[in-house]
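Each of the next two complexes has chain A plus one other chain: chain B in the first, chain C in the second.
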Partner chain A sequence: MRLQHGGQIDRGQKISFRFDGQYYKGHPGDTLASALLANDVRLMGRSFKYHRPRGVLAAGSEEPNALVELRTGGRQEPNTRATMVELFDGLQAMPQNAWPSLRFDALAINDRLSNFLTAGFYYKTFMWPAVFWEKLYEPIIRRAAGLGSITTRPDPDSYDKGYLHCDLLVIGAGPAGLMAALTAGRAGARVILADEDFRMGGRLNADRQTIADMAGADWAAQAVAELAQMPHVRLMPRCTVFGAFDHGIYGAVERVSDHLATPPEGKPRQTLWRIYSKRALVCAGAIERPIAFANNDRPGIMLAGALRAYANRWAVSPAQDVAIFTNNDTGHRSAADLMALGVHVAAVIDTRPDAPPLAGTEVLAGAQVTDSAGRLGLRAVTVRLGNGQSRKLSVGALGVSGGWNPNLGLTCHQRGRPLWDEGIAAFIPGATLAPGMAVAGAAMGQFSTHAALATGAEGARAALADLGHNTPAPDLPRAEDAPTRITPFWHVAGTKRAWLDFQNDVTIKDVKLAHQEGFEAVEHLKRYTTLGMATDQGKTANLGGLAVMAELTGQSIAQTGTTMFRPPYTPVALGALAGRSSGRDFRPTRLTPSHHWAREQSAVFVEAGLWLRAQYFPRAGESHWRESVDREVLATRASVGVCDVTTLGKVDVQGRDAAEFLNRIYCNGMAKLAVGRVRYGLMLREDGIVFDDGTAARLAEDHFVVTTTTANAVPVFRHMEFARQCLWPDLDVQLISTTEAWAQFALAGPKSRAVLERLVDGGFDLSNAGFPFMACAEVSICNGCRARLFRISFSGELAYELAVPARYGDALIRKIMEVGADYDITPYGTEALGVMRIEKGHAAGGELNGTTTARNLGLGRMVSTAKDSIGAVLSRREGLAAPDGLELVGLRPVNPQSQIPAGAHLLAQGAALVAANDLGHVTASCYSPNLGSYIALGFVKNGAARMGETLRAASPLTGVDLEVQITSPHFYDPEGERLRA
Partner chain B sequence: MIIPHPLLGPCDAQEFTYLGDASLIARPDGMAEGAADAFHDYLYLRDNPAGLHRELWYHEQGDRSWLVVTRNTLTHEIVKAELARDVARAEGRGR
Partner chain C sequence: MHDLAPLTALGTKAPQQEKIGLVTLAEAPDWALASVTARLGQEAACAAALAQTLGAGAPGVARYHGGPVLGAFWIAPHSWMVQAPYSAKPDLAAHLRGQLGPCASVTEQSSAWARCDVTGPAPLVAEMFARLCNLDMPQLPSGHARRTVIDHLGCYLLRGDGGAVSVYGPRSGAQSLWHALELAARSIV
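Our next item is the complex of A and B:
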């Protein structure tokens, strides 16, 4: 119900929202939880395991119960805490874990079966047979358990990432945080003040108290207004600092548009901030903890501080008649605040025999709540009085306070170990905090408002002093300074189920069982019972569970210890972590210089790393890709083809010692390569495995251009820089990656020279004698455009690669097509490229796969023994030179029209299909239109000695099993006459 | 993490690529006697200290410097960052 007066809500405006199919009204300033309570909705969800009716427990981000599915369609979001949802007009929310309805949930049968659903239930029940897991157990568990459901529709909103820097990051804008920000801000420091709430002020908004003779909330508003005027202070409400990372870096999520129905045009839904702070002050406050008693999970039973927060901040109470159950003085404060707002407090049930009196209500000293009643919401509680008599109180809400835990999360993210503080019966941050981090206020166990203000100011001053700025101590506004008075009391003895962890349905009985079965250590207790898991990470539950375990083991809580807190503090949406990196923007797309031209030719593209390359160029009438590819191959071999090969990595190597450097990088000799010549080169890793292959072209005495495979362009460059800087720091050599700087086209086929003659400017001798195979030169083409020409061939034909500055790439491909028209020049894509290289037996990705040696590739003799080069020594290891090593071979199916699946394994004919009989495998396969047969490359043990043998090629994955014959890998023009023509 | 680049000042670790132990600088001479054993030790035997560790980071999204970063593997505190080239020279890898 909504109270008559008070609250930080705009009563003048009504907004309408929908929960579980019903329409309700609330006010701006409400959360979904406060608005539901105002509408007398106490039942907000069903529990995870037993499907018990549940209402809201807390008023902040620690909420374990009131989880809803918010919004609809692609924006539907499960596990949203109703306490953190700012009400907006048209909001739609559905309860979770309830079917067919919230009031009648079929799976509430689990509650009757609770004797079977105890701790370790999964481990004990779903054990065997193993095949049942996938088919039976997992689907059942997934349906019955789980919190909420996700949408499978794409998220229509965008998420951003941002970077911020500051002198002092203040985390939490309660009294400590506000005072810290004021102190540092007034001193001129760059301050960021972040708070997860949409309204800054922390407990000042939730309590009736005065600061400097004004209402706490008003003082907070005034402080925020002052901070907002400071240009070097950034206020970040709706922003959760969720993790403390290395070197003063903090992760934060700002819910930019979560409080609106849809994000405004151009605005993200959320922003993930990486905050670089010189110093950070954790002012994250404290979280109240419950006391466990029988049936303490009914809607209407909540934390006393939350009951007080709902009344003070939102002017709502779940009921007209309430009671308080406490072991400390703050329970009395809740009762006083409620009475001041006109709520009837039936009694304060205080476990302490020496409980102080309270004006306006009865204090039942030394009493305990032993049970509760009310099927879908609290109706009454049973109290055992100090004298042993029993009394029943008819109340619709019970506020429970078992004391307050400093909010330790962030203080533990960098190995901080909490310490037990007897005085407040809670863990406080330990001495080892992240460098640059300090704690103030309730987060360090200083619970009075005065102490919060004082430690906040002091924390800011200390941080600034650390950074070399002396700041005067501010005049602290006057505020309450009540001592913390608590007598620890964790649970009421009894035989009925009493809940410790509401979100995971962990009861005292489960902890007892864990103890009985030997899972006593806190980390074991957590895993065995699921205490402290899931979305709330046990913020209200952990200590109660530890206290029960401590009792059972006879140890103190300090000895029992606590589980560690890890990031994130509260759940972070994957969308926020992904930011803009989703869909097509997941990673950059690189386009080749001829991309636009190729698109005009209706090319089909394929991803090659980040690149989009033309795969083939279908022509009218071609209905299957093979038709296009076969045509491209045949046309190239018959006349001339052109292919964009820009994606191959290019590294410019210059300097007096360039040749010597390359001689150490490649396993084959490079030092004596003549100017104007190109050489094939093989790079090894230091462990002797082949790293990459390519060509080195010597343009001048001190200038080489090296090519790499497309995939290894970046790793090879990194490797070369490593060698240059770390291994041979005084070689006179400079490197630069020029992959993007040059557009490069392969012209292949017997007519390629004729086409080239029409491009290269006069005076350059292109004849076979003048520019032979493996020649290179800097030339001028198309009347003065500078270019580089290499006579190299991947296709096995007479071929050239012609490179021009990348900006001329588009013009060049169009020019090549124009001058090549007389020869019916044919553009070809990566498929035809692949067919021609397999026909030639050239190694590529399938063979250079990071496990093969030069010897495997039939290139063993390339590894020079006359010099030291990277990988040479270990390539000669015994194990890599075994006599039955794999060797590259060609494979032809006995039936030429049988396709050989890549990845098929090779065995002796008639051998059983088991790993022990494995002789090798197929690495690349295609149809060769020149041979009229399918062909393949593969590795076979002792392959070179097995020419002509017939083997079995089996691919259980594709169901193909056929006979293949071992041949030379050089299917086409094995003597290389064509490329030297 | 933030790496204090000796030339560029503090840089986010995201700009770097990690390689590993800085002992990779001490590459043996492949032509020397016993090179195979030396390379085996060089490549496969590493210390894995709980504490200060010298390691190689490459400023790939930056100036392409290879750095030797001395980092405490327990706390991630970085106590030193040097140009690997200077370290290599100091270890006698210069001419």
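Our next item is the complex of A and C:
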């Protein structure tokens, strides 16, 4: 019900929302939980395991019960805590884990079967037969014990990522955090103040106590207003700092648009921030803990502090008649606040025999709540009085306070170990905090408002002093400074089913069973019972479970210890972790210089790493990619073709020792390469395996251009840079990548020279004698454009590679097509490139696969013995030089029209298809339009000696099994006459 | 003038420009670039020669010098990227080779990088780049130059006066870079 007065809500405006199919009204400033309570909705969900009716327990992010599926369609989000959902007009939410309805849930039968569904039930029950695990058991278990459902539609929202830097990160904007931010902000420090709530102030918004003679909430608003005026202070409400990482880095999620029906155009839903702080002050407050008693999970049974928060901040009470069950003074504070707002408090049930009196209600000292009643919501509680008599109280809500736990999560993310504090009966942060981290306020066990303000200010001063700034002590505003008075009381003895972990349905009985079965260590207890393993990470549950285990083992809680807190503090949407990197923006796309032209030609593109390369250029009438590729291959071999090869890596190598450097990098000789010449080069890894191949062109005595494969452009450059800086710093070598700087086109085919002659400016001798195979030169083309020309061939044809500054790449391809038109010049893509290199027997990715040696590739003689180079020694290892080692061969199907699957394994004819009979495998396969047959490359043991043999090529993956004949890998122009023409 | 017309990195003849709120993104293709790296043992001579060429000291670590024609920024120990308006120095590398002599290795980089100039109120531009790269923009002084990663792309970032920032990103990834800048600019409107 909504109280008549008070609350930080805008009563002047009404907003409409829907829960479980029913429409309700709320006010701006409400959360979904407060608005539901205002509409007398106490039943908000069903529990995870037993499907028991559940209502809201807390008022903050620690909420274990009131989990809903928020929004619909692609925006549907399960396990959303109703306490953290800011109400907006049109909000839609559905309860979870209930079928067919929230009020009548068929799976509530589980509650009747609770004697069977104890801790370890699954492990003990669903053991056999194994075939049932996936098909039967798992679906049943998932159906029965789910936590909401996810949408299968794509998320329509975008997410962002960013980086922030500050002197002091203040985590939590309660009294300690606000005072810390004010202290540091006034001193001119760069401060970030982050709070998970949409309204800063923390408990000041939930309590009626005053600061500096004004309402705490008003003081908080005033402080926030002052901070907002400071340009070096960044206020981040709706921002949860979820993890403390290395080097003062904190992860935070800012819920930019979650309080709106949909994000504004161009705005992200959430932003993941990586905050680089010089110092951080954790002012994360404390979390109230419940007391376990029989049936303590009914809707209407809440934390006393939450009851108080709903009344003070949202002017809401779950019922007109309430009671408080407490073991400490803050329960009395809750009762007093409720009474001040007109709520009838039937009694304060205080476990302490010496409980203080409270004006306006009866205090039942030394009493305990032993049971509750009410099917879908609390109707009454049974109280055992101090004198042993029993009394029943008819109440619709019960506020429970078992004390307060400092919010330790962030303080433990860097393996901080909490310490037990007898004075407050709770763990407090230990001394082993993350470097640069300090704690203030309730998070360090200082529970009075004055202490929060004082420790916040002092924490900020200490942090700034650490950074070399002397900050004057502020005048602290006057605030309450009541001592913490608590007598530990964890659970009512003798109860059968008393809940410790509400979200995972863990009861005292489960902890007892864990103890009985030997799972006494806290981490074992956690995993055996699932205590604290739900989405709330047991924020309200863990200590209760530990206390019960401590009792059972006869140890103290300090000796029992606590489980480890790990990030994230609260659940983080995967979308936020991805940021902008999703869908098409998952990674950047690299476009070749001829991309726009190729798109005009209706090219089909293929991803090659980040690059988009033209795969083939379909023409009208071609209905299958093979038609296009065959045409491109035939046209290139018949006349001339052009292909964008910009993606190959290019490394500029200069320096007095450039030749010596390359001589050590490549396994074959480079030192004596003449200026104006190009050489094919093979690079080995340190272990002797082939790393990459490419060319080295010597433009001057002290200047080379090295090319790499597309895939290895970066690894090769990194490898070379490592060698330059770390292996041979004494060599005068300078390296820089120029892959992006030059647009490079391969012109291949017998007419390539004729086309080139129309591009290269006069005076340059392109004849075979003047510019022979493997020549290179810096030339001028198209009336003065500087260019580089290499006579190299991947296709096996007379071929050149022509490079111009990348900005002219688009113009050059158009010019090439123009001047080559009467030779029917044909653009070709990576498919035709692949076909021609297989026809020619050139190794590429399939063969240079990180497992092969130069010897495997038939290039063993390239590993020079006349010099040392990276990998040369280890390439001569005995194991790599075995006589039956794999050797590159060509393969032709006995039936030319039978396709040889890449990856097929090669076996002797008639040999069984088992690994022991494996002779090798197929690395690359294509249809050769020149040979009118499918062909392939592959590795075969002792392949060179098997020429002409017929083998079995079997591919269990595709089901293909055929006969192939071993041939030379050089299917086409084996003597190389065409490329030297 | 030769027959080949340049295309900007974003694939158009004229550079693109977009105003998003108070922030303007402008493709700036008309810059020539060349890297200059000292030869081994020639570090001092190279720095001196570069200083003479620039008319100012060779920029120190993470520094940028913008001259009337020639500017330069530090990219690695004893290594700089020199820039000039393309129309003024279309073959900047050759020009620098002539100026610096054998003390340096000079490499043509003009078409390797796509440049985007971002302008707007300094706090807004800082907010925008907070979503793009791990640099503490409000703390970077004018004349600061840094290598950073934006949208997975290795970039150089030059801090100008006020809210002026120039980003050099790899030319092939220019569209992705521009898209990332656009998204970030929109998210702070």
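A few remarks follow.
Criterion: the second predicted complex is superposed on the first by the 980 of 981 C-alpha atoms of A that agree within 3 Å, B and C clash if a C-alpha of one lies under 4 Å from a C-alpha of the other, contacts with A are read in each partner's own complex, and residues count from 1 in each chain.
FYI, contacts are C-beta pairs under 8 Å (C-beta built on N, C-alpha and C of every residue); 3 or more make two chains touch, one makes a residue touch a chain.
On a predicted model such as this, the values are computed, not experimentally measured, just so you know.
Once the two complexes are laid over each other on the shared chain, residue contacts for A:23 go to neither chain B nor chain C.
By the document's definition of touching, both partners, chain B and chain C, reach A:276. Legend: residue contacts after superposition of the two complexes on their common chain; A:610 is shown touching chain C, with no touch to chain B.
Once the two complexes are laid over each other on the shared chain, residue contacts for A:589 go to chain C alone; chain B is not touched.
Once the two complexes are laid over each other on the shared chain, residue contacts for A:104 go to neither chain B nor chain C. The interface of chain A with chain B overlaps its interface with chain C at residues 276, 730. Against chain A, the residues of chain C that register as touching in their complex are 1-9, 11, 29, 35, 37, 39-41, 79, 91, 105, 107-113, 130-136, 139, 151-153, 170-177, 179-180, 183-184, 186-187, 189. Residues 245-249, 276, 414-415, 435, 686-687, 714, 718, 721-722, 725-730, 867-869, 872-874, 876-877 of chain A touch chain B in their complex. Here chain A touches chain C in the complex through residues 158, 160-165, 265-268, 271, 274, 276, 580-581, 585, 587-593, 595-596, 610-611, 646, 652, 654-657, 703, 730-734, 736-743, 781-786, 804-812, 815, going by the rule given at the top. Only residues 1-2, 17, 19, 24-25, 27-31, 35-36, 39-40, 42-43, 56, 58, 60, 64-66, 75-78, 83-89, 93-95 of chain B touch chain A when the two sit together in their complex.
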